[in-house]
Each structure stands twice: as structure tokens, then as C-alpha cells.
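By letter and in written order, the chains are A, B, C and D; residue numbering begins at 1 in each of them.
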Amino acid sequence: MPMVTAIILLPLAAALALAIPGTSRPQARMTALLAAGLTLAMVISLTVRLDRDAAGLQFVDRHSWVSEAGLQWAVGVDGISIWLLLLTAGIFMLALIATAWRPPEREVGFLAAMLAGEASLLGLFAAADLVIFYVFWEAMLVPFFFLIAIWGGEGRGPATIKFIIYTMVGSVPMLVAILATAFVAQDITGQFTFDISELRGVSFSEAESTWLFAGFVLAFAIKLPIWPFHGWLPDAYRAAPLIVTAVLAAVMSKAGVYGLIRVGVPTFPDGAANFAIVLSVLALIGIVYGSLMAWRAPTMRMLVAYSSLAHLGFIVLGIMAFDIQAGQGAVLQMVNHGLVVAAAFVIVGLINRGTAGDHIDRIGGIASGAPRLAAVFLIVALAALAIPGSNSFVGEFFILTGVFRHHLWLAVLATIGILLAAVYMLRLYQTAMNGPAFGANARAIELRTLDYVVLSPLLAAMLAIALWPAGIVGSTRAPVAKAVAPAQVAAERPTDQIEAPVVPNPPPRALPLPGDEPEVAEVSP
Amino acid sequence: MSGVPLIWYLLLSFGLFGLGLLGVMRRRNPLLMLLAVELMLNSANIALVGFARHWDNTDGQIFALVVMAVAAAEVVIGLGLVVAVFRQRLALNVDEMSSLKG
Amino acid sequence: MEPALAWIVLGLPLLGAATLAAWPTEPPRSMTRVLGVGPIALGFLLSAWLYVQMLGESSDDRLVVSRVWEWIEIGDLTIDVALQIDPLSVMMMLIITGVGSLIFLYSTEYMEHDRDYRRFFAEMGFFVFSMLLLVLAANFLFLIVGWALVGLASYLLIGFYYEKPPAVAAAKKAFIINVIGDIAMVIGAFILIVELGTLDYALVFEAAPDGLSRGAVEAVTILLFVGAAAKSAQVPLHTWLPDAMEGPTPVSALIHAATMVTAGVYLVVRTHELYELAPFASDLVAITGAVTLFLAATIAMVQVDVKRVLAWSTVSQIGYMIMAAGLGAYGAAMFHLMTHAFFKALLFLSIGIVIHGLAGEQSLDRMGGLGRHLKLAYVATAIGVLAISGVPGTSGFFSKDEILASAWDAGDLGRALWVVGALAAGITAFYMFRLLLRTFYGPEPGGGYGVHPHRSRWPMTVPVAVLAVLSLFGGWIQVPSGWSWITDWLEPVIGPESIPGQQAEGVTLVASIAVVAIGAGVAWWIFAADPGRRSRLAGRFAATRRLLEDGYRFDPVYQQALVQPSRDLGDYLYGRFEPDFIQGMLKGAVSLVRGGAIALRAAQDGLVRTYAFVMVAGVVSLGALLAWVVTR
Amino acid sequence: MNLAATTPILIVAAAATLALGVGLVPGRAAERYGPTAVAIIGLVAAAVMSLVFWGDRIEAFEGSLHIDRFSMLLNLIFITAALAVIILSIREPGAVARRGEYASLILFSTAGMMLVGAAGDLIVLFVGIEILSVSLYVLAALEVWRERSLEAGLKYLIMGAIGSSILLYGFALLYGATGTTRLGEIADALNGSALGGEPLVLGAVVLMVAGLGFKASAAPFHMWTPDVYEGAPTPITAFMSTATKAAALAAFLRIFTAGLADIEADWDLIIGVVAAAAIIVGNVAALLQDNMKRLLAYSSVGQAGYLLIGVAAGSIQGAEATLYYLLVYLAMTLAAFAIVIIREREVIDGDTVQALAGYARRRPVHGAVLTLAMLSLAGFPPLSGFLGKFLLFGSAVEADMIWLAVIGALGSIVSLGYYLRVLGVAWLGDRRPSPAERGLESPPLAGLVTVTSGLAIVALTIAASPVLDACRSAAESLLAA
């Protein structure tokens, strides 16, 4: 059974089913939870069955779509994407539970949009073809557009527009770059394809590689976002309903980094090598900038939003280091950040339950009335500031290890971000939780049974990663080694650091004829 | 080939075409504008006929005949519209007909 | 030897803490007591058993690494969850669980009136777990984890009274400074990974002599020492420890005196193989220790808050240990670590009885003559003061003298540091006697005591008594020219250590007795002989006094040089840069497009002539373009 | 002679004449339903015949007419547009008094377009264009009692006549350069000749680009479009924006891609420039429009630019992409206009954007179709509009015109600004103050057209492969000559 396709289509089908007018709320809730649950179950089963030592895509599912134009439906997973699928399915499951427990207005539509968002993100992370990647990249905007525009709070109009414009400004050049990639590759190899794994190893000239990488990287930089392309982020995070903000920060923000490690770095190694320092420095600026902004941000949401800018900077650093350890750390950190930021937004939501706004300085002393929440909040805050022993520490530690190996000062300067993270997270925690109590109804904030349902899976996952990071990291070694190897060659790294073989120019193959199933060729080193 | 060289036909034709264009751009009365357009179409006819002579085939002349018919049709429609405008008691001035803009 | 014992000792406090934390309601106090004290006490017994077992092993078999699972394999680096069980860690285990048990027992009574009884013991249990992890870790990564977790426990317990803004601020400060230390250690670990490809102690120490360049090993050791300095409150990262006294007194006793703050000493001793390769870093360590011990001692002279006096004295005493470790006298450092744990815990607990008896009063200005009310505390404090001052025969005498004697033998630098140490020993005697005299001696403060200073029950008195005995006689396990059990015990880890020469011992003995006598005498002269002399002198040295009271103004300088500029930068970025520049980019692009739309709208004026003109212009420009392209 | 091959055109022309006659027959039923019925039957028959001739290439009238897959595919586009417009025009206020003429003019116009699609000769092409234009001049001004309709008709006529003259002059120059009006012979004459770069040819190219660009409403020859679209009766606007544009593009492909293939270097750049100008001007100008018809007019200017990318590429791939996008564009535009037409009947000033406020919430099915249409027009993946643009950009990239693809891409960012605004108003807009009801009945089958168009947008996405096969074979037949 084409499991990966099913994983993507199930939530989509559920979303369409909910879109049928006249669906009642209980029906919608059941459908949504069932679909999300089944999806999660399928992703888990994939995770279990995954070959953790393989570098290539697994469970690949290919169907010709428009063979004349080289378009195909191709999805699959590897040791990197599986964790993002798991994160997506898991976070959306929790988000849907959280939705059902505090239903918004027009709940059915909300659920449908959420499911559509889930499907598009799953599709993005599973895409094995550039066009499919692009399709889901853009398709993602539709549900989130509606989620922000319809269910958003104050300022949702401009926020939505900004969100869309920014994303499109990045993604549209990416479309052109995708086309150019295919045509340029055709000139080199003689085969016309958008298949990501077949485009890997095409020996673009350095100029081609640089330009094509530039075409892609703007999209990734905006989606991430990398400083200074983050203009959409504060508004979108502020205006979106909290659950959506959580999903945006936890899952959607991974799209950009995923694009870098899935497409940008492996396909255009020379370009990536040329851009490595630029991107790394921008990421570093983002780390410091985001941290300072988070420190001075007046509201909890803004704080978490800007902290995301900083945290994602670390992940970019890790990927652009072209180092296996850093890359593996970056993948781990994608998952970590998703878990932590989701939990952080859950807590912001809980605090909002007992306060009017979410201004940090207008509340205080919640810990005395809500000690359990305070405890959970503390755990999350500590994970966010990556205290050694937490799950985030593992990721950041190995990211910086790899960065340190190649760019000593980048790593050293990036630690400013770690210090500032402690500053702003403690500011958030202490201002809200400690000191004399005022401004908030702590009783309303204290954790209830249903809150545990949402929070405990997140906390359990964080704990599990902290105790046994090998669980995730183990499967990423081969794919990461394969992904960064060409860039390592391009960056003229010592050969003993390069683990995966780099095969130039896959053998030319004729354009598949209509009805002619392309053979599934997964080259594993 | 003897007779008037092709270039003269073309110069005449160009001149008429330019006049027509000028007319369209300067005039405000729709009737006069139609006239100017007619001038442009017929300047093309002259060119067609001149070329037909140059190539010594009939394609151009046939073309010119067809164009005449077409031009007649256009003018008829134009006159019809002018009449309609007149019946609506609107000014016969295309500058006044600018409610559609922006 | 049974490595599982170490795992059990490590796990017990965590289990206790987790049970307490997870208990759905506030559990009965009796249960909290059992779950709080029980695991630690049991842990002490098991550690003792482990110690006995280890005694039975030959010295080569005393180094054991116990692996449980592979924590991560990333790139070509493998890190296990593993414990290092060797004489050093067992010694630390014994100190932590031993002193810990006593302090836990003391706390059951001390914290009796507190609302968050359960939280206190849960956090304390978590601390013990973290501290054990720190000392038991078999690689740098888990060392760092333990390092950070004790910092976290410290944060939680300093901020135990979280309704009090000073406590919250102090907790934050402690945490942030410790993060600085953590970062330095993390960077040190990066160097080790990059250069040696491993973080396991054994492999690192084995590979370091050949695998690390001189520069790298200096860098690693200095970075590790930054971590040590942050944790052990060494100059210039010391400013958090005095503030940390906002925590409950048992916390100060256990974490900020006996165990956690000495982790820096442990670290240097643990990684001495590296320091031995790094002479520059070792000297830096020794000098930092000396500077710290002197500065802290001078500051302690004028503090009014009893706990702050003890805090500065702690900073100063750790300075001795660090100095010793930097000079290569690891045995002496560990010896002093142990005796300091005894007498400083004793001091805190006995002063804690005073504070408890006075319902939270901590100012020396509102104390005096308490010896009449709180005899036990008086006696216990006196013993502690004698020990810390290094009065001959007490535990502090032996350990401090060994440090000074080792310094005497350690070349020119050692001699210089010896002078500083000896001088500071006199100051120590002065301020400790000042504390003793102003608390228990002399007249009662004006207006007497609002509450009647009440006596304590056995859970508080028994630990004090035990610690008093240890402080008095604990030093006899290592007697110059006699026997050296500590150094012998640690030999498998730290290697054979040279014993200070006769001359060094002699000079030190004489000098220390002299400075202690002078220090104590001056204290007596100022604070006991004539009640008015104190205020007269205070007036004469007002400026110096203020400088010392402010701790040489480290805090304001940090605030103005680092914190405020960063905050201003953040405000600028948030208030100006972000809206004007980042948001401005989009606004600019949008208004460009919008302007275009307005212009196009204006061009569409509804006039046929205009349309015809545009069309003709279009034709002409297309023609021109084409002509230009073709002719080019 | 192969007269048989021209049956689709003849059927439509005959139906047009018949409809005119039926409209004159006295009797309520005949007058009311006669012309419509005749038109529908005729169009369906022509469609069937077009399908029948799908296959080999047939030349009629000595190559003046090419009955090939290209012309048949375009026939289907024209016929579909005409059919949809006829259906949407049922009970159209403007047509009440003159049903016969109305249907007949649409059919004549269609026949003209079919001539353009099949033209193998400049004369036929010109005649076809004039037939379609002249019919549309009348249709645009059909509501003579409405000042705006009249203004639209007059403006269209004058501008159209200028456009025709320019085009004709271009044809004349091309004839002058090659000595023939047959496209096939022109191609032969240019093949291997030194005519490329000659002033005569260049002049012809510029004038033809301008004249055809006018019909396709590409900038800067688009100025008439918004005014005429706004003033004309809405079904006619729909027809103009779909069928006329298709006819103009067919002429572009016939003349440039097929006829002038050998001197591509002389025209690919300026067509690219015109395409870029259209994309920029159309999309930017649409941003500030409050009238749906006007907005769609500017949008159609932009879309013309996208369609021209395929022409500028000058390749089979480009032609294929243009043809595919024409099909998609037909579906998208019909969907959008159908909703405008329905709304226009319901309320006064129903053609404003504001009239759609909250409409999607009230009529979710229509809302869904509108959403599909707008997103597809904006090129949102994976909808067919995206696929079409993707192919067009691809053909541009392949022809080393990456700049054109980039401009196209930027244009589609800008286009989101107005497409999403429409969606925003339709889904989220506040209905107060509710617009004054007009109370006219919607065309009976309008819902059908709407839903069918919506489904077509989806179908063209999912079943893109067979459709593209057809487009490719049509494009190949174009160059087969």
C-alpha cells in the first residue's frame, strides 16, 4: 500500500469532507480527530519500519502525472524527513485536540483548514520531486491564509497580506529556479526530470549552481525566516489564533530549513558553498537579533516569535556548516524546536485563560496560584534556553560542535544567543510566574486534566529525546552524510570528514515516455 | 518593370496612414474619426496594390477588395452607433464619452 | 565492587524528588520527611558501602567506568550514559550524601513552618541527584549536564521564596552567570571533540598529551576553568554567590557552601591531566584563586548580613582550594574541600539556628548577646569559627596549612601566593571572630528581641553536633609528617603527590598561628574590648568601608558596561530598527507597486485619443527596440 | 476543395443565419427560445464535427484553411465559450428585445474566430478577425439605451478599427516582403532567405504584433480593454475575454510560431517585451479596481501576457503551453464571470467587488468555485492555472528567456493582491449595508456553467496529461506545414 501517499491524502480527504456544507460540529470533531489520529498512526508505523541505516528515500511512491512535462507524483521518506512527518502529525493531532476542547467560532471550517494545513505540510516533507515540493510549499499558504484571515485576532488583515506577499516573493523565484534547474540539468545529463534524487549529483557549473541556489534560498530564507527576511513573522504570529501560531512556529517554520537540507545544499553544492558564509552570518545576526528582540518584546507571543528567529538561526548554522555532526544536530533541533515552541504556545494559551492580554509586564506571581503550571512552564522555558540535559541542548551542542570545527568564531559568537536565551526566557518565566501575584486569575490558569492531555505528550517527547537522542539521531547519519557530502567536496573539506560517496552526473536517461513507469532507482552508497 | 516605382506607392501609402493616425488622435467627432480610420485602411490598400504590382500577382489586389468590404462593414456599424448616440441626445464628441475610465 | 551501587545512589534522590513532585496534593509532612531525607541517608550508607568495597580492591582496580546505554552516536562521536566510579567520585559522593543527609535532617525542622515543604525537599533532592551526576559522570558531556542541573537546582532554591523580588533577582543572576560558565565549558568540549573526537575522560586524558597542541590544551583548560570560576564564585564571576543567600539557610549550607560551589575544585582535580599539560592555565587558576580569596576575605570584614559574611567567606575559602588546585596540590585542595564542607555547613546550620530563633533576622546590627539564649548555637558557631580560622588542631588548620605549605614549595609564584594566602588567613580569623563576637557576645540590640529566641529540637541540633565534631577532628586524617589518608586515597586518580617539605611546613605553621592570633586579637580589640571603638573606626575608614561593602563595585560596573547597553540595544532594535527597517522594506515595495497602480489608473483617462496615442507610442517604441536590437 | 472539412465553420455560420431568421418568426415561444435553441444545437453540432475531424490534417481552399488539430482544438475553445455565453445570456436584459440578433452575432463572431483558428492565408485571417470584431462591436453596444454600453461600443469600434488598420498594414508589408499571402508560402519564402532583419519584415512584425496584441489586449495596446469590458453587457465581456483572446493567440501562433518560425530572432524579443509589459501593467493596474468586470479586464491583460510567453518562446513547447493555458484560462474566466453575472442579476451594482461581500458564505458552492477560479488565475499550485504558468515559464526558461519567467513570476505575486482581495471580500466581507436587491432571475443554467467551470479547473489539473497530449499534437500540427 502506498503508505506515504495515504498519509498525505488522508487529512486532505478529511478536510474536503468537512468542507461539505452541513457537517455538524460533533461529526467534524470526530472526523478530524480520527483522520489526524490515523495519520499519526501511519507515520508511527513508517517510523518503526524505516531502515535507519539507509541514505536514500524509502517507501517511495511514484506516479506519472504529466509525463510530457516531466511532472510526477513522487513522495517518500528518509531518516531526516520521517521525524518531520512525525512532528507534523503529532503536533497537528494535539492542535486538533486543543481545538476541540476550546472550540473557536465556525469550528468545522477551522478543523477543515487545519487538516488541509496538515496535509500540505506532510506533503512538503515527503516530497521527492521539486514540483511536488513547490506545490505543497504554496498549497500550505491557502489553509494558513484562511486560518489567520478568518480566525485571527486584531490586525489579521495586514498580517495575512504580509504573510502571503513575503512568502510569494520568495517562492515565485523558486518556481523559476526549479524550471531552470530542470532545463540546465537536461543540458548536462540529457534527462529532463524534477526528481530530487536524480538531480542530486548533477554537476552544475559553479555559476549555474550559485544562481540556482540563490533562486531557491530566498524562498527558504523567507519561510524560515532568516534575518532580515522576517518581516512577516511578528505580525503573523501576533494575529493568528494561538493554535495556529503554535503550528506555524512548531511545524511550518521547519519548511525552510528542510528545503535547505533536502534541496538546496545537496543539489547545488557549489552554490551552497559560496553562500555558506553569507547565510551563516545572517543566521548569526538572526540569533543575536532575535534574542535581543525577544528580551525586549512586550508580549509573550512576540517573545516566543522572536525566540524562534534565534533558534532557527542555530539550525541554519548547523546545515550550512556542511558537517555531519552539525547536520544531524540540526535535524534533531528541528524536532526539538517544534516540541518546545508548541509547548511554549500551549502555556501562553493557558496563561491567556486567566488574563486579558498577554503582556508580560502586566502579570505576575502566577506560580503561587498555579504551581503545577509554573513547574511545567519552567521545564519548557529551560528546554527553550537549551539548558544542558534538555533535549534542545543536544541539538544545539552538536550543531555548534560542527560549526566550531569549521568556523570557530561563528560558533563562539553564536553562544551569545545561548546566553541571551537564558536572559529572555528567565525574564518571561520570572515576570509572569514569580514575584507578588497580580493581573491574572491564577486559578483559571492552573493546569486541568485536559491540559495534561496536550502537554504530556510534548513533555514526554522532550524527555525521551533528552535521555536517548540516539533514537532520532541514529537514523539521520546516512541521509545527512549523503546530503552534505557534495557541499563538503565543494567547500574543499578534508576527505576524512566526507562520509558519503559523491557520484557526479547520474547516467543520462531518456525522458520517460507516456505510460512508461520510470524505474525506481534509489542509489544508496 | 516599368512605370511608377514601388517606392512611390509606399510613400503615398505611408503618408495616408500617418494622416489617418493623426486624424484619429486629433479629432473628437466620431464621424471624422471613422473617416480617419477609413483613410488608414485605404492606405494599406494602396500598399497592397502596389506590392501586387511589384510581385505581379493578384493576392494583394484580392486582399484590397476584401478590405474594402470590411471597411464598409465597419463604417456601417460606426454610423449605426453614431445614430444611436444621436438618438440618446448625447454630444457627438468622443471626449465627452469618458465615463468609463480608471 | 558493585557499580550498580553508584547508580542506585544516583537514582535514589531523583526518585524521591520525582515522587514528591508528582504527588497530586501536598503530601503529609511525615511522608515528605521520609521521602526527602530517606534517599539521601540511604545514599550515604550505600556510598559508604561502596567505599568499603573499594578499600578492598587493589588501587589499580579502583577505577571503574559503568556504562548503561549508548546515549548518542553522531558523526563519528559516541557518547554513553556512563558513570566513573573511582576514589575521587566516591569521596565526593560521601561528602555530598553525608553532609547532605545532615542538612536534610536539619531542614525537616527548619522548614517546618514553610508552606512549600514538599517543594523544598523535591528541589533539594533534585539538587543532590544533579550534584551526584556531576561528580559521577564519566565524560565531559554529562559533566556539563550535571553542571547545569546543579545550577538549575541552585536557581530554584535561591528563588525558593519566589514572591520576594530580591530572591527572584538573585536566582536569575546566579543562573545567568552560571550559563556563562556552561558556555565556556561547552566551547571547551567543542575543542576536545574537534581535536580528539571523544569526550570520555579516560580517552581524553589518554590522548591529550599527543593529540592536543599546547594552544589547544591551554584553551580547553582555561575554558573549563571559566566554568569552574562561574560555579565556584571566583573573581570575576563571583558576584552571584552573596546574593544567593536569599535562599533558605539549609540551601546555603548545602549548595552554596558545602557542595555545589566546590564543584570547580572538583573539576580542576578531575581534569588535572589536562592542567598538567597547561602551565599557563594552571598559573591562571592559582592566581585567580589567590585574588579571589583575598578580595573576598576583605569584603567579608565589613558585611552586616550574617549570611553574607559566610557567603564571602565561602568565596574566600574556595579561593584557597582553587589556588591549591592551580598549584598542583590536588590532594590539599580536596582535603580542604572536605573540611570546608564540614565547618562551613556547621557555620550555616548554627547561624541558621540563630536566624530561625529570631524568626528570620539576619542583620548583625540587630544581634548581640545571643550566647545567653542559644548556647548550642553559640558553641557550634565557635567551633566553626575556630575551624575556619585555622586554629591549630581543628580541621581547617590542617587543610589550610597543607595548602599554604604546598604553595611555599611551588616556586616563585607559589611563594607570592603563599603570602597572599597567609595574609588572608589572618583576615579570615578577623572577620570570623567579628561574626562570632557580634552575634553571641556583647549587649543585646536596643529594644531587645521582638520574639523570644527559641531553642531548636533534635533534628536541628543533632546535625549541628555531628558537624561540630567533624569540624573539630575531621582534619586529623591527614597530618603533616604523619599520615596522609586523603592523598593516598586519591592517588589512583591524581597520581603520587609530593609532600611539602619540612621547611614549608614549619614556616607555614608559625606564620598561620601568628596571623590567626593577630586576626582574632584585632577582632577582640574592636568588637569586644570596647563597644564604642567599632563606630569610631567605621567613621575613619568610611570610604574603604563603602568600597568593601559594595564588593569592589563589580555589580554596578557589570550593570553599566554589559547589561544596560545590551538592554538599550534591544530597545533600539525593537522600537526603531524593526518597524523602520525590517517592516519598512515591505512597505516600500508595496507602496512602489501601489504608486504604479495609481499612475496607471490616472493614465486610463477614458479618452479615445489617449488610447490611440498610447497604442501608437507602443508601436513606435517596439519598432525602435527592434531596430536597435537588429542593428546592434 | 475539401469543403466537407469546413463543416464546423459552416454549421456555425448557418446556425447564425438561422437564428436570425428564427428570431423574426412571430410567436412567443419561437421568439423566446428559438434563437437560443438554434444556437445551442448549432454549436453542439459544430463541436461534434470538430471532434470528428480531430486527426489528420486537411487543407481546404488550396491551403487557405487548415483543418488540423490546432484549429479543431481552438474550435472547441471558441464553441465552449460561445455555448457558455449563450447559456449565461438567457434572460439577459440587453437581449430580450433582440434575441435573434444576439444569438446570431455571437455565432457569427464564433465563426470568425474559427476562421482565424484555421487560417492558412493572411486574407482569411484578416477576414476572420474582422468578422469576429464587427460582431462584437455591435454586441458591446447592444444596450444602446445605456450610455455606458454605447460608449463601450463606440470606443471599441474606433480603437478596433485602428487596431485592424495597423494589423492590415503589417499584413501588407509582410506580403510586400514575401510576395504571397499564404502562410505556408510565406514560411517557404523566409526559409533560408536573407529577409530576416530587413526593414520591411521588421515593420511587418512590429505592426502585426501591435495589431494582434490589440486583439489579445496586451499592453500597451490594451487601453480599450477595461472600458469596453466594463461597459459591455457582462456575458459579452465574458465572451470577449475568453474567445477573442483565444482567437488573437491563435493568430499569433499561426503567424509567428508557424509562419515566421525562421526569423524567430526578429520577433521573440518584442513579443517577450509585450508579454512582460502586459503582465506588469495588467497585474499592477488591477490592484486598485473596485469593479469586478474592470478588475477582470486588467487581469485578462495580465493573462494575455502570460499567454504570449508561450508565443515568445517560439517553440512547440511554448505553443503547447499557450494552448493548454488557453483551455485553463477559459475555465477560470468563465467561472469568474458566471458568478459576476449571477450576482449582477441579483443586486443593483452587482458588478462591484463589494457586491460579493459575504457571498461565498451564503452560497458556499459558488464561493468554492470563485475561490478555485481566483487561486487558479493567481497561479496557485497545484491548480491548473499553476500548471499552465509552470509550462509557460518552462518554455521561456528553455528559450533562454529567464527574465521573462521572472517577470511573470513577480506579476503573479502582485496578482495575489487583487485575487485574494476578491476572496477576502467574498468570504469575510461584511454584508452591511446589504445591497439593494434587483430581483432579476439568474440564468437558469448559470449554476451549471459555474460548477462545470469549477470542475474543469480541477479536471485540467488532475487529467492534465491527456489534455497536454492533445495540446502537443495540436502544436505539432501547427508546425507540420
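By definition in this document, a residue touches a chain if its C-beta (ideal position, glycine included) is under 8 Å from a C-beta of that chain, and two chains touch if they have at least 3 such contacts.
Computed from a predicted structure; not experimentally measured.
Think of each touching pair as a link: the shortest run of links from chain B to chain C has 1 of them. The minimum number of touch steps linking chain A to chain B comes to 2. Of the two chain pairs examined here, C-D and B-D, the one linked by more C-beta pairs in contact is B-D. Centre-to-centre spacing of chain C and chain D amounts to 79 Å, using the average Cα coordinate of each chain.
Centre to centre, using the average C-alpha position, chain B and chain D are separated by 26 Å. Averaged C-alpha coordinates give centres for chain A and chain C that are 38 Å from one another. Mean C-alpha position of chain A lies 43 Å from that of chain D. Residue positions of chain A touching 2 or more other chains: 165, 169. Touching of two or more other chains is recorded for residues 155, 158, 162, 166, 226-227, 288, 417 of chain D.
Contacts with at least two other chains are made by residues 21, 24, 33, 94, 97-102 of chain B. Chain pairs that touch one another, listed by label: A-C, A-D, B-C, B-D, C-D. Put simply, chain A touches chain D in their complex at residues 19, 21, 64-69, 71, 131, 134-135, 137-139, 141-142, 145-146, 149-150, 157, 161, 164-165, 168-169, 172-173, 175-176, 179-180, 182-183, 514. On the chain B side of its complex with chain C, the touching residues are 21, 24-26, 28, 33, 94-95, 97-102. Of all residues in chain D, those touching chain A in their complex are 320, 364-365, 368, 375, 380-382, 386-387, 390-391, 393-394, 397-398, 402, 405-406, 409-410, 412-413, 416-417, 420, 424, 427-428, 464-465, 468-469, 472. The residues of chain A lying in touch with chain C in their complex are 162, 165-166, 169, 228, 230-232, 234, 289, 292-293, 295-297, 323-325, 328-329, 365, 367-368, 371, 375, 382, 385, 387-389, 393-394, 397-398, 400-402, 404-405, 411-412, 415, 418-420, 422-423, 426, 430, 433-437, 467-470, 473-474, 477. Across the complex, chain B is touched by residues 601, 604-609, 612-613, 616 of chain C.
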